[in-house]
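What follows is a set of structures to go through.
Both complexes shown next keep chain A, but they swap its partner, so chain B is in the first and chain C is in the second.
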Partner chain A sequence: MSIYIDKAAQISIQQPLCNEWFSNPSMPTDRLCKFVRPDFKQYISAAISRRMGTALKCTLSSASACVSEEKRSNLDGILTGTGLGSIENTENFLLAMLEGEEGLSPSNFMQSTHNTLGSQVAIAFKCHGYNITYAHRGTSFDSALMNAVVKFQLNEYKTALVNGVDEMTEKYFQLFDHIGFWKDRNVTIEDVRNATSPGTFAGENSVSLLLTTQPSEQPLCELCDTQLFYRPSDEQLKTCVEKLCHAFNINRIDAIVIGNNGDKENDAEYRRLAQLLTPDAKQIIYKHLFGESFTMSGLGIYVAATCLKEKRVPAHITMDNEALENPQTILVLNHFKQLDYSITLLKSC
Partner chain B sequence: MTEKIVVTGYGIISSIGAGVEKTREALLKEEKSIGRVAHLNTCHTDIPCGEVKESDDELKKALGIASDQIITRTPLLAMMAMKEAISTSRLTDQISTAFINGTTVGGMEKSEKYYYDFFEGKHTEYISAHDCGAGTELVSHLFGHFDLMTTISTACSSAANSVILGADLIKTGRVDAAIVGGTESLSKFHLNGFNSLMILEHQPCRPFEKSNQGLNLGEGAGYIVIERESVAKARGANIICELSGYANTCDAFHQTATSETSEGAYRAMTNALLNAHLKTNEIDYINAHGTGTSDNDLHESIALKRVFGENIPPFSSTKAFTGHTTSAAGAVESVISILALQYGFIPANLGFSEPIEATGLIPVQKTLHRTLNHVMTNSFGFGGNDSSCIFSKYQPS
Partner chain C sequence: MDALVQELKEKVIQALNLEDVTPDDIDANAPLFGEGLGLDSIDALELIVLMERNYGIKLKNANEGKDIFKSIQVMADYISKNRTK
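Let's look at the complex of A and B:
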């Protein structure tokens, strides 16, 4: 049994629901970059859309762009990762409540729980399959992806939709600023290639992947496996990569996606591990284009899968500023504060 | 056939007490605990809740944690239950183990208290304690080393879904054991949220009652230790029971209301039975979700009738004991179901007098003592995130 990434869709701070970022990226210039909104009307009726928060509208749009109508109710699972859920709604309810505990309207509360995003996709898709939401900081998306792989391995799935969604409000941005998450200036590609100071910049993302065992004519790539780790030893990570390569008959990893974001400590760990795990692989960076969030690793998978499909890693997303032609295998590495780690292996079809 | 998954340890804290022994005693004595909140700072003091008796400081003391350590109430409750789960199972990190935690409130109970202070640069150490995963990380330090760790947030079915993921991770060989469950403290945020939905009862809740008005919120935590049968046997663990089946489905109807046919609940129970290879007449007791709201109780009754026909097994909701512990409910009620199985009793559905007219189902009203072989527990959440788990007497392979 092989699992394929059959379709993928992203809404982020780049042009939405397309791959404009691949050939013609826009360079973020703010410390907090907000979603570039697609035309929501294509995916959500105006009457419903008015009552929905931004994160939810983006989730429904990327999910809908990924799954054709006839396949929606037959998905075996809808799995979602979100570090913070719909914080716009959470904040609205919290602020109203702090003003006074009487006469509160429930609509913001109803959308505040993390699982609203994934369950609203199920409601829109009329899908009764497995439905789950992960909220585990920087590996929220990776947890959802791993759970999907587990269900495929148990032969319980033929198709699944995996989403990774996080928004960032002005207020939450300020709070994170207090604890040193962000740089005091905008982050450039030079920062991401060679970080010398702490902090990164904020992005927003809704990424959806359609996984299947029965791919259409042009799937993006094959998803070999996703493994999660907590405070792993170097040996554990090395063994994992070796075992995966052996299991999938891979003798060379052409590229590794690393989550450099301009934060010195964060990036040093990626550089160290890339050297340890895949010393000869081309190093791919992506957060200079998309920013940072708890589920930005979903974009890492998206970027890798796109490169495999396009048979090219463009120079503007590599550490050495040189393109790579015809990559066959890409490893995607993610870590959150050197606590939670994930490794995903993708190969071309 | 895949290897059995067995339960080798458990831990619990709720308004009826800390620990499995205290919990069993309170259930058997039909002790009531729903009442006025003492620790939660809300103007809604007329709304009764199932609040854990201990303050944060008392919990810290019981756990041997310095009183000035930065930790919110959700992980404090979790630590109480986690400690007991580790000690009853005698599990060590010699076995490759996952920690799967369910929570939704996370650190909200402190964020709502210090929210404006944060912007003035005060109490900022609680900012990074706000998200759901932050608590999981803190609680994990009680165990030597977890190989894998994550946090599930599917509202009121979070803990049940943790049980399910843990079992699937063992089945696929990713780990040999898992500590699974959930934790939730009361917060002003969700008390007001549920109140704005007008589903809070102003007296102790009465699940499955004709004239029911709503639910009581509760707080607590529960964890169970599950592992591969061969691993448990090899280390000489005390096997309490089996996790024999489970299912996660989605009602896919509405964010807070249930479909007329209770599709999600029906499928969760049906698929869990299939997963356990059990027939409907083999279930001896159902620990119902039974929140006390008319929407849940009517629709859970409809689903029970669809799954079990005329022969619905004895069922009760224990939420009149603990209140609705939301993200922890799946674990609190898994531990209660395991105790029922282990000690041969069916806990009472407190407060019931008259059945819902449309369905006429009557829960177990007084504690029953009898041998149980298979027990089902239901957890249904906002957004129609519906899950069922089945625990069974251990039959060695």
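Let's look at the complex of A and C:
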């Protein structure tokens, strides 16, 4: 049984619901970059969307763009990873409470939880299967993806939708700023290729992946497997990659997606692990285009899958600024504070 | 009263996030629920919040809303008689 990424869609700080970033990326110009909004009316009726926060509208739009209406009844489950959930509505609700506990808006309260995002998609798609939300900070998306893969491996899924969603509010941005999480200036691609100072910049993302064992004619790629680790040894990670390659008859990993974001300490760990796990592989970066969030690793999978589908890694997303033609296998590496790690292996179809 | 009706239309549009609706689109005498703007029970709660926050009117019984929220004009009449701020 093989699992395929059949469709993928993103809404982020790049042009939404398209692959414009692949050939003509826009470079972020602020420390906090907000969603580039698509025309929500194409996906959500005005009557429904008026109660929705931005993250929810983006989730529903990327999910709708990913799964055509006729395929929605085939979904066995919707799995969503989000670090902050509907933080915009949560803040609005809490701020209203500060003004007085009476007179609180019901809409903000109803849509203030983390699982609102996935559950609203499930309601819209009429999916009554195993729908679940993971709110595990930097491994929220990775956990949702791993849960999906396990369900496929148990033959309990044939088709599933996996989402990774996070928005960033001004207030939350300021809180992170107080602990030095962001740089005090714009992050450039040079920062991400060779970080010399702490801090990164904030992005927002809603990425949706349609996984299936029965792909359409042109799936993006095959999703071999994904593994999660907590405080792993180098040996554990190395063994994991070797086992994956052996299990899927892979002799060579052509490229590795790393989550460099311009923060010196974060990036040093990625550089070290890329050298350890795949010393000969092309190193792909993406956070200089999309920013940082708890579920940005979902964009890492999306970027890798797109490169496999397009049979090209463009120079503007490589560490050495040189393109790679016809990649066959890509490893996606994610770590969160050097505690939680994930490894995902993708290969071309 | 006309100024209050106009103000109320703007506040309702804002509170209920009625995209693509302008104050001129709202007939002050048209029903707010069912026909007209087609509002629902959650909107009724939002309107109760709106009345309390903006005009200091606290509905003791949610069922009162059925009569008060018949139309913008009826709401404006009620507010002008009962407002505390």
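By our rule, the second predicted complex is superposed on the first by the 349 of 349 C-alpha atoms of A that agree within 3 Å, B and C clash if a C-alpha of one lies under 4 Å from a C-alpha of the other, contacts with A are read in each partner's own complex, and residues count from 1 in each chain.
Criterion: contacts are C-beta pairs under 8 Å (C-beta built on N, C-alpha and C of every residue); 3 or more make two chains touch, one makes a residue touch a chain.
Predicted, not measured: the structure shown is a model, and the values here were computed from it.
Asks: Which partner chains sit in contact with A:Ile250 here, chain B, chain C, both or neither? Use first/second/both/neither.
Replies: Neither partner.
Asks: Does chain B (first) or chain C (second) touch A:Val36, or do both, or does neither?
Replies: Neither partner.
Asks: Determine, for the superposed model, which of the two partners chain B and chain C contacts more residues of chain A.
Replies: Looking at chain B versus chain C, the one contacting more residues of chain A is B.
Asks: Scan A:Pro106 for contacts with chain B and chain C and give back first, second, both or neither.
Replies: both
Asks: Once chain A of both complexes is superposed, is A:Ile48 in touch with chain B (first), chain C (second), both, or neither?
Replies: neither
Asks: Go through chain A and flag every residue that touches chain B in one model and chain C in the other.
Replies: The overlap between the chain B and chain C interfaces on chain A comprises residues 102, 104-106, 110.
Asks: Which positions of chain A touch chain B when the two form their complex?
Replies: Checking each residue of chain A against chain B gives 78, 83-85, 93-94, 97-98, 101-102, 104-106, 109-116, 118-120, 122-123, 125-137, 139-140, 143, 147, 150-151, 153-154, 171, 174-176, 178-179, 227-232, 294, 339-340.
Asks: In the complex of these two chains, what residues of chain B are touching chain A?
Replies: Touching chain A from chain B are residues 42-44, 99, 104, 106, 111-112, 115-116, 118-119, 121, 124, 127-128, 131-134, 136-137, 140, 145-155, 161, 165, 168-169, 171-172, 174, 188-190, 192-193, 195-197, 248-256, 263-264, 267, 381-385.
Asks: Please give the residue numbers of chain A that touch chain C in the complex, ascending.
Replies: 46-47, 49-51, 102-107, 110
Asks: In their complex, what parts of chain C are in touch with chain A?
Replies: Per the stated touch rule, the residues are 15-20, 38, 42, 45-46, 49, 52-53, 58.
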